Structure formats: C-alpha cells, structure tokens
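Here the structure is laid out as structure tokens; the discussion comes afterwards.
Letters are used for the chains, namely A, B, C and D, taken in the order the chains are written, and counting of residues starts over at 1 for each.
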Amino acid sequence: MDILPQLLINGLISGSTIALIAVGLSLIFGVLKFMNFAHGEIAMLGAYFYYYFFITLGWPVLPSMAITVALCAFVGFLFNRFIFWPLRKESQWTLLIVSVGVGMLIKNSVQLVASGSTRTYSQANEPSVVHHFFGDALIITSNQILIIVSAFVLMLGLFFFLKYSKLGKSIRALSDNMSLAGVVGIDIRRSVDWIFVLSSAIAGFAGILIAYEESLTPNMGQHLSILAFVAVILGGLGSIPGALVGGLLIGLLQDVGTGLTIGGYSIPSSYKSLIAFSVLILFLLFRPRGLFGISLEEDKSQKE
Amino acid sequence: MFRKSLFTAVTLSSVLLASCGGTGSAKTITLGALGPLTGDASSYGIDMQNAASLAVKDINAAWAAEGMTLELQWENGACNGKDGATAAQKLVDVDGAQVILGGFCSSETLAAAPITEAAKVLLFSPGSSSPDVTNAGDYVYRDWPSDSYQGTKLAEFANENGWKTVAMVSEETDYAKGIAGAFTARFQELGGTVTEEKYLSEDTDFKTQITKLNAGAPDAWFVNPQTPVKADVLFKQMQDLGIEGPFLLNDVAGTSNDLLTNYKDYLEGSYTATLYIDEESEGVKAFKANYEATYGSQPNYLGYDLTTYDAVWILANAVLEVGNNGEAVKAYLDSFTGYDGLAGHTDFDANGDPLAGHSVYKIVSGAIVKQ
Amino acid sequence: MENILTIRAAHKAFGGLKAIDGCSFEVRRGSITGLIGPNGAGKTTAFNLLTGLSTPDSGTVHFEGKDITRWPTYKRARLGLTRTFQMIRIFPELTVLDNLKVALKDNQQGLHQIFLNQKKLQARLTEEALELLDTVNLADKAHLFAGQLSYGQQKLLEILRAAAMDPRMILLDEPAAGINRTALKTITDLILHLQAQGKTILIIEHDMNFIMQLCEKVIVMDFGRVIAEGTPGDIQKNPKVLEAYLGRTAA
Amino acid sequence: MNYFYHLATLMCLYLLLAQSMNMYLGFTGILALCHIAFYGIGAYASALLVMHGAPFELAFLAAGILPALLSILLGLTSIRLKADYLGIATLGFAQIVSSILQNWDSLTRGALGLAGIPKPEIFGVTFADKASFFYLTAGITAVLMFVMYRILKSPFGRVLETIRDDEVAAMSLGKNTVAYKLTAFGIGALVAGFAGSLFAHFITFIDPASFVINDLSLILVITVLGGLGTFRGPFLGVLAIMVFFEPLRFLPLPAEYLGPLRLWIYSLLFVLTLRFVPSGLGGLWKHRSRRGQQFTRY
C-alpha cells in the first residue's frame, strides 16, 4: 500500500478546499436556515476574478488575492442585501429556490464575460517546487502545502473569531434564536451582512486555491456547491469544526475510495462522485444531524 | 483571454459585414453552418468559425470575377443533441439551407443527421470523429477521420516501440472514448495490456487516477483528454507527481500550441497522432499568418482549422459547379476525384468518411515532427 | 364508566431534559376533563404523545382499549382522536368553508376517485360545513379566506374543524388563550354542544375559571408527572397544587 | 413549417416537465431536485427497449413506470427529511443517476450516447416526420394534462395543498400524508419519464450530457415564472419562454454571445420573479403560513 500516503494527501488537498466552502455554507445555514445553492458559485467567481487580475492584468499574487477576496465578499453582501435578507420572512423554500436562481445568474454572467471555455493558471513552464517525503511515496508541491495550511489557519481564525469577538458572539446568538438575539439588542441585519461578507470572502479564497491546483470552468461552481452540501451534512449543520471534518472526510473518501486496490478490485475513479453522494444519502437517512450538529427535532422542540 | 474574446467578436462581426456588404446585386450563395458556440466546447466552435470565415474571405476573392459571393449562416449547436437538432431544423426550415457545414461535436452531427437526411440536405462535418457518424446517413460527409484511426495508429506505434504495458488516463466523452476504445482493442490484439483510468468532464482533480496508474509502473502513458485545458491540468499534476517517461498523446493534447510551449521540456520526445499536416507547406504557413493577422493569435486547433478551411472550399467548389442543392452536391461528392487542400489530400469512402488517416508525430522542442 | 383514554407510566426525554417523567392518567368517556399545570410541566408534550406527534421513550397510550402508543397521527385521527394546537394551525390560504370540507368524513379523497362526478359530493359537503358554521354563527364568513378571520374566530374554526371529523374525543390545547369575553362564551357553548353529542373533551388551559366552570375532573401536572387529580373543588384546596403554582414562583 | 412543429414539440415536452414538477413541488411542497434524473431515466429506458426490439407502446410505459418506482423508493427513504435535506438528497440522487449513465458502458455506451433511436411506431403507424410526431406529442400531452387537471382540482388535490400549507395539521385531520406525498411524487416521476421517452424518439440521439443539472434550472424557471402551485402556471411559463426567449435567437448578435445572454436573462428573470412576485405570473403560491414549514421561524 505504498500509494496510501499519496492518496491521503490528495484527499487532504481536495478536502480542505471543500471544507472552506462548507464553512460558509454552514454559517449561512446557521442564521437564515437555508442551504445557499449559490455559495459554490462564489468560489468559481473568486477563481475567475483572480484569473483576471493575476493572469490577464498580470498583477502580483498578493494584491490579486486581496482584490479577489474583497470582490467576492462584496458580491455575497450584495446578493444578501437585495435578495436573501428581504426574503428572510418567506418559507425557507423560497430562499432555497431563489438561491438556485442566484447561482445560475452568477454562472451565466461569468460565461457571458469570459466566453465559457475552460482555463488554467499555468504559467509558461513554471514548474512548481516539489518536495519528496518517504522516498518517492509522497510527493507534494509547495502550492499544495499552502492550500492545506491556509485552510486550517482560516478555520482556526474563524473558530476563535466566533468564540471571542463581539461580532462572533452575536453571530452565534443569531443562529441559535434570531428573534431572541434581536430582543437583546443585536443588530441582526448587520450581523447577517457580516456573515455573508465573511463566508463569501472565504469561498472566494477557496476558489483561488482550487484553480491553482485544478482547471477552472464556469460550471465548476455547481459541483463545488453540491460537494460542500455533503460536507456540511456529514459534519453537522451549523458547526464550524463539523464543516472542516466533513470537507476533509469527503476529500479522503473520494480519493482513498477510488485509489485503493483491495484484492485486485478497485472502484474506477470515474465513480468518484458516486461515492460522495452515496455517503450523503446514507448520512441523510440514518444521521441527518451529522457528526457534530444538533438534531433538528431537539432544536425545534425546544423552541415550540 | 478577455481581451481576446472581445477582439474576436469585433473582428467577427466586421468580417461578416465586409463579406456580405461588398457584392451589390451579385448572386449570393448561403450555406448553413452549425457549431458549438457556447458551453465547454465553445473554444472549438469559435476556432471553427474563424477558420471558416477566412475560407469565405478567400473564396469571395476568387469568385469576385464571376460576381458570386459565399455566405455562412451560423447557428449554435452548443455541443449537445437538443440544441444541435434545433439549430439544424432552423437552418433547414427557416433559412432553407441545402448544404450545412458542421456540426463540430459528434453529438451535434448525430442529432442533426436525421433532420438533414429527411430534407435531403448535405451535412459536412469538419470535426466529428465519433465512429457512429460513419453510418449516420447518406447525406453525411466529414473530412475529419474517425477516432478509431488515431487509436489504432498509436497502438501500432506503441507496439513497434516494444512497450508492453500502457497506462491510459482518458476522459468520459464521445471523442476521447472513441480513441480509447480503438487504442485498447488494437493494443491488446498486439499482445499488450492497457490499464485505464477514466474521469468525468466535471472532475477537476486527477491526482488519484495518476497515483493509481503509477503504482502499476507502466512502460508508457497515454494521455487522452477531451480539451487542451484538461490536458494542461493532467500534465501539471503528472509533473508534480514526478511522472516521466515516453508519453503517447491524442491529437488534442499533442497539437495544441499553448501546451507545446508551456510544457516544452516535459513533453520532449513524446508522440502524438494527428491528421497529416505539412506544417512547412506554403498554404499552411499563409493560413497561420492570415489567422494571426485577422484574429491576433495563433489558431488553437490547427488540425480542425485546416479541415474546416478545406471543407468550406470543397463545398464552395461543389456548389459553384452543381448549384446550391443537397442532392446535386451529394452526387458531386460521390463521384469526387479528391481535393488537395491545406490538410492534405481529401477523398471519401462509400460512407462519406475521409480516406486520409492519422500519422504519428514526435514532439521535438515544442514542435511536432512527422515520424 | 369505563375510560376512553389512558396513558400509563410514560417517559419522554429530549437530550437531558425529561419532558415527561412517569406520567399516567385516564379520561372518562363523555367527560370534559381539564389538564393544568405551570409552564414547562409537560402538558403539550403529553398532548403530543397522545396524538402521535412524538412517541414516548417508554410507557403506553390506550384509546378505546387499543394500544395506540406507536400509531402515526393520521391513524389516531381516523380512530376518532383529534386535536387543536396551541398556535393555531388552520389553512390561511383556503376559504373557511374549504378548511372544514377538507376535514369532513367520506370525502372521496382517494386517487381513484378523481374522475367521479363532484357536484353531488361538493353540495353535500358544503351543506354539512355550513351547518357546523351555523352552530357558532360563522356561516356568513364561509367564503372568506381563513387567514382573514379574527384570532377568536380562527380558534373557533380550528375547534370546528377538529369536530368536523365526527371524532369520539377532541384534545383542545389552550382554546381560551387570548380570547375576549364574548368569544369565550361561544367557545364554552361549542364545547358543551360537542359534549352533548357524546364526544369526550380534554382541555389544556391556564384560565382557571374556564376550567373550573367546564370540567368535571381536573388533572394537575408538574415536572412531567401528575401530582394531583380530582374535582375542581378538591383541586383548588389541594396543597400540592398551590405549592406547585406558588412554590415555583417563590423559589 | 417543420421548425414550428419542432419548437411546438419542445414546448409540449417542457410543459409536461414543468407541470409534473409543479405537482409535487408546487402543490404538495416536496422540494425534490431530481426531476431531470427521472427525465433521463425515461429517455434511456425507452430508447434502449425500442432498440432491443420492444414495441414503442411498451417502451413508453416502461419509461414512465421505472422512474415512478425509483421515486417511490427514493421517497420512502427520504420523505421524512426536512425540505433542505430532501433537496440535497434528491440532488445527490440526480448526480448518482448521471454518474451511472456515464459509467455503465455496457448498457448506455457511456458518453458515446445512443444514436439512431427509431421513431415511434404505434399500431403500424410510424410517426417519422415532424408534423406527425408533433401531433403524437400534443395528444399525449393533452391527455396527461387532463388527468393532472382532474387530480389537482379534486379533493385529492385539495389534500395535497393542505399538506403543503401545514403537514402537521393535515396529519391531525386523519390524512396519511406520507402516502399522499409518495403518490404525488410518483405521478410527477411517471410523467417526467413519459416526457423523457418522447424526447429520446424526437431527437433520436441522447447522451448523458443532455440530462445535466442545469437543464433543471430551465424547468424551475418555467414553473416559478408561471406560478408555483397553480395549474395554469406551467402553461404561462412555457409560453413566456417560447414567445419571449426563443425569438432572441434571431438577434443579430454574434451567436457566441447569444447563448449565454439568453441563459443570463432566464436566470435574472427567475431571481426577480421570486424576489418581487413570489406567486409568479398566474400564481397564488404565497409564502404560506410559516408554521407549516419544518422550521418554526420567528
């Protein structure tokens, strides 16, 4: 099983980017109680913004990243302020369906401007710095290390932000019981705005990391949203560590699942998404609240 | 990339305006044209459109003496069956097209075929390579060889090189599947073994497939993607994972300019099979220069561009001689004596497939050299 | 004198919270029985156990001798055990008439009946619904959207809708909450009218005079179990009841 | 003329898809996002059966029944899930179906797709040309629309609406809500399967790429634009699409910008409709009583 370490790293890399998107999804769900189908598209948007600034305009890395994250946060903020927040009183249906529409809008806008063909960040023959561990069993590039490290750093940062900062506490109060939070003087609207800004920024950054490692196409947003849903449900709704663990789990399941050859038989890699979704269906049936989340029945009954 | 696509749009409309504005009362012949102008395959569609427009410009120059002009009425097939059929139906019914250039993707051609067959309209595809197109209809012709040629050619070459085990990474699309099927069949016939790992078009990470195949320590690798960008990611991830050794590449991975420059060293010594194109011939050089001058960049898919260019010329000659009528052009092509164009000599077999096959090229310092 | 409904040693916990902790009581057939207790005593959770919205961790529920502990809500309703809700659950987008017609019996709501002639059926259902509305003189509002009724009228409608199923027993969850004097009189008359038709009524309520006036027997719950049972008179004097209500506020 | 028949047939297919989805999404409140999977299963089932010699009538019925059975199975396993979860579980189901269609080479030839699907032949009459195929499709659509009309306007349909508005209340009125939801979901899948069969024999070439998630968005646009939860909604939605959007194709814009532009306008209108006119063009789908939904909102 000499390729196992490599598979684990592959899983970690793809898992950590999914986790970054899942976190934002979980935050938004925690507050407005709906799964934002447009969230994966924000990551795709981040990949294209970065492409425009870094490749087309040729800006250096850091400013390109900064402006991309800011723009994504702004887009998230705009959609919240004009679409999601005004509809918050609706049934969470309408929010869910409108988020599918917002996702379509983002995708088609990018397709309109960037004429749809897929692209990649690959610079002329700039080989990435490669590190070898355990002989040749594990090969990982500096970019890949950056992805894993930044995912964890962001997670930790977000965790502490929610735990200790004033805004973080109000966001957590909001997700527990919005009307109560309002009563005790938390400016609900501002907090929800902040949540969208925060999760969209993280998703935008995740988009950059994904596009560094893989190719970028307008359709990738949809695929990312769905994988992020699976991660959120695996990890448990509304829990940040849950989203991280869920994302990593999905990445590992997909890569190790298709990579391992047990007794000569191995699952062909094209069944990768099949594994992720079968796990999703299993979790939904037997443990809808996921690993760390609170069960919806309890949550609802306490409020009844 | 953004500047490029805007630039294309501007020049495209100007070319169209120029070509139909200049003729005054002269007789104008309109041919239908069907290609993937949106979606993932739109990069092919735009290249096809550019090549066809260049051909139209040259034809109109040649026809100016007889006061005739050629015009292409474009419809978007979006590389899927539904839009391909809808576009074909509109061309046949609303625009009364008798001869249609396209579809580019096999799904477009296969969906358009029953409609054009029923209306006895000639369908001439410069790019559909699915083996199913061979008997898609009597009025269906193509000057791009079926995938099976490419697959068998590469398999025979691999066998001659003494390779016994080949690891193949291929995309789950009609084009790539056709090549993979032909390659595996032929290579196994010759006693070799092929370990295949597939990926879906929406997948974007292939490290697992590569790691798994690498575990089998194959003699050679066959990279068989649908689009150059997927090839780019495959090469990057293979490079990161330290995969070396001789590569076999399908024509999409092996003949795309960006890849040959970006991975010049990595692909050094690899082999690909594509339509025989004499890069050094005056016509091809003139075409590339003309393309660069008009569209500001090198053609993305030279092979497809040349077959499109030739296809427009063949159809133009046919229409000039026997008139803009599906049955007449079909008869003309059935008794076709061949056409020597930029993509070499083109002639058809009974099913309307081209006789010319693929030949193996070696990649030497970023350029492909005939073996 | 046999009992129509008995709940025996029921336990229900949500995580650490023991909502129902060994609760048992019976309700006499044809009676109007009250169920009172301070907030959080587990009254609504007990209702949910009786009507199948949630199932007890242990213990049993019997209705007319049948063990319905694990039965789904709709089966219990068809058996003749219906309820109203603390927060009104009428269908605001349907008309008042339709809210009742949906609940009326033998309503041809099967898929195989979609092609039957509707006229005869609709006429009968409308007539029955209007009759029900007459009992509380709401007939004139039959064609309004249920959402347009006043709070009191919606409460009445919800009780009527539960009665429309011609059940054997109706569980009323705080029917008098937020009701003005005149509407309260109508609700009391409706309850007495339903009892006269032989239906058994079990009421959760905080309005003591409403309970004392209507109920022949009152069950008092606290901390998820029954702490006292008896006629309204005994209950008012029972020290445990006072301590439960007062003690709680004093502690 | 053929082009008119071609568009009219496509309109009938969209109408069937929109109304069948409206039955369980708009009327019963089941948020399932796998309608395209049923459509795809129906198309493949019908095409494969006919290509292996089965008569068209049998293949057409199988194309409806197979997705219906799968929907019952899917429903049984996930009906008790809350709306968000059900949406994702059904999206997962759709991805699983798409992945199987792409990978099960021996049956579906994977990405090569199925070419040369024969035209339908019923009692010796083959519906080969566009006109006759349109009449066949229009006939089937009319029959299905009538049946769905009767279903939705009958007491059975009224119970579906009560389940959408407040399932707990409907349960306490003795309605076996799970059975009703499974039936509505099953009928939706059945009709989507029929539409799939007609599509396969109409275009005569299907591949996994024709049944992807973003086709779902178009149907969602039609249903929501027309008005969720109303019978006339899908009619208005399809009309809006065909009358307002299809002609965009004739705009002088270069074709490469026309495609994404049309899609962009669809999605913009979709979002604006939901934002300002949630009940859609002909709709009365109002954001029903919040209590009815799974989460109690403030």
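Here, contacts are C-beta pairs under 8 Å (C-beta built on N, C-alpha and C of every residue); 3 or more make two chains touch, one makes a residue touch a chain.
This is a predicted model, so every value here is computed, not measured.
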Maximum centroid distance from subunit A, chain identifier (CA atoms): C
- line: If you tally C-beta contacts across A-D and across B-D, the winner is A-D
Message: With centres defined as the mean C-alpha position, give me the subunit A-subunit D separation in Å.
response: 29
Message: Suppose each chain is reduced to the average of its Cα coordinates; what separation in Å results between subunit B and subunit D?
response: 35
CA centroid of subunit C to CA centroid of subunit D, Å: 41
- prompt: Any idea how many Å lie between the Cα centroids of subunit A and subunit C?
  reply: 47
Message: At least two partner chains per residue is the criterion; list those residues in subunit A.
response: 111, 115-116, 219, 268, 270, 273, 304
- prompt: What positions in subunit B touch 2 or more of the other chains?
  reply: 5, 38-39, 42, 46, 172, 198, 200
- prompt: Which residues does subunit D have that touch at least 2 chains other than itself?
  reply: 99, 102-103, 256-257, 260, 288, 292
- prompt: Across the complex, what residues on subunit D touch subunit A?
  reply: 29, 31, 33, 77-78, 81-85, 87-89, 91-93, 95-96, 99-100, 102-103, 213-214, 217, 220-221, 224, 256-257, 260-261, 263-264, 266-268, 270-271, 274-275, 278, 287-288, 290, 292-298
- request: Would you tell me which residues of subunit D are touching subunit C in their complex?
  value: 147, 150-151, 154-159, 161-162, 165-166, 168-177, 183, 284, 286, 288-289, 291-292
Message: Under the stated contact criterion, what part of subunit D meets subunit B in this complex?
response: 1-4, 6-7, 10, 99, 102-103, 110-113, 115-116, 128-130, 199, 202-207, 209-210, 249, 254-260
Query: What residues of subunit A sit close enough to touch subunit D in their complex?
result: 29, 33-35, 82-83, 86-87, 89-94, 96-98, 100-102, 104-105, 107-109, 111-112, 115-116, 178-179, 182, 219, 222, 226, 229-230, 233, 268, 270-271, 273-274, 277-278, 280-281, 284-285, 288, 296, 300, 303-304
- prompt: Of all residues in subunit C, which touch subunit D in the complex?
  reply: 51-53, 72-75, 77-78, 82-83, 85, 87, 89-94, 98, 101-103, 107-111, 113-115, 118, 121, 147, 161-162, 165
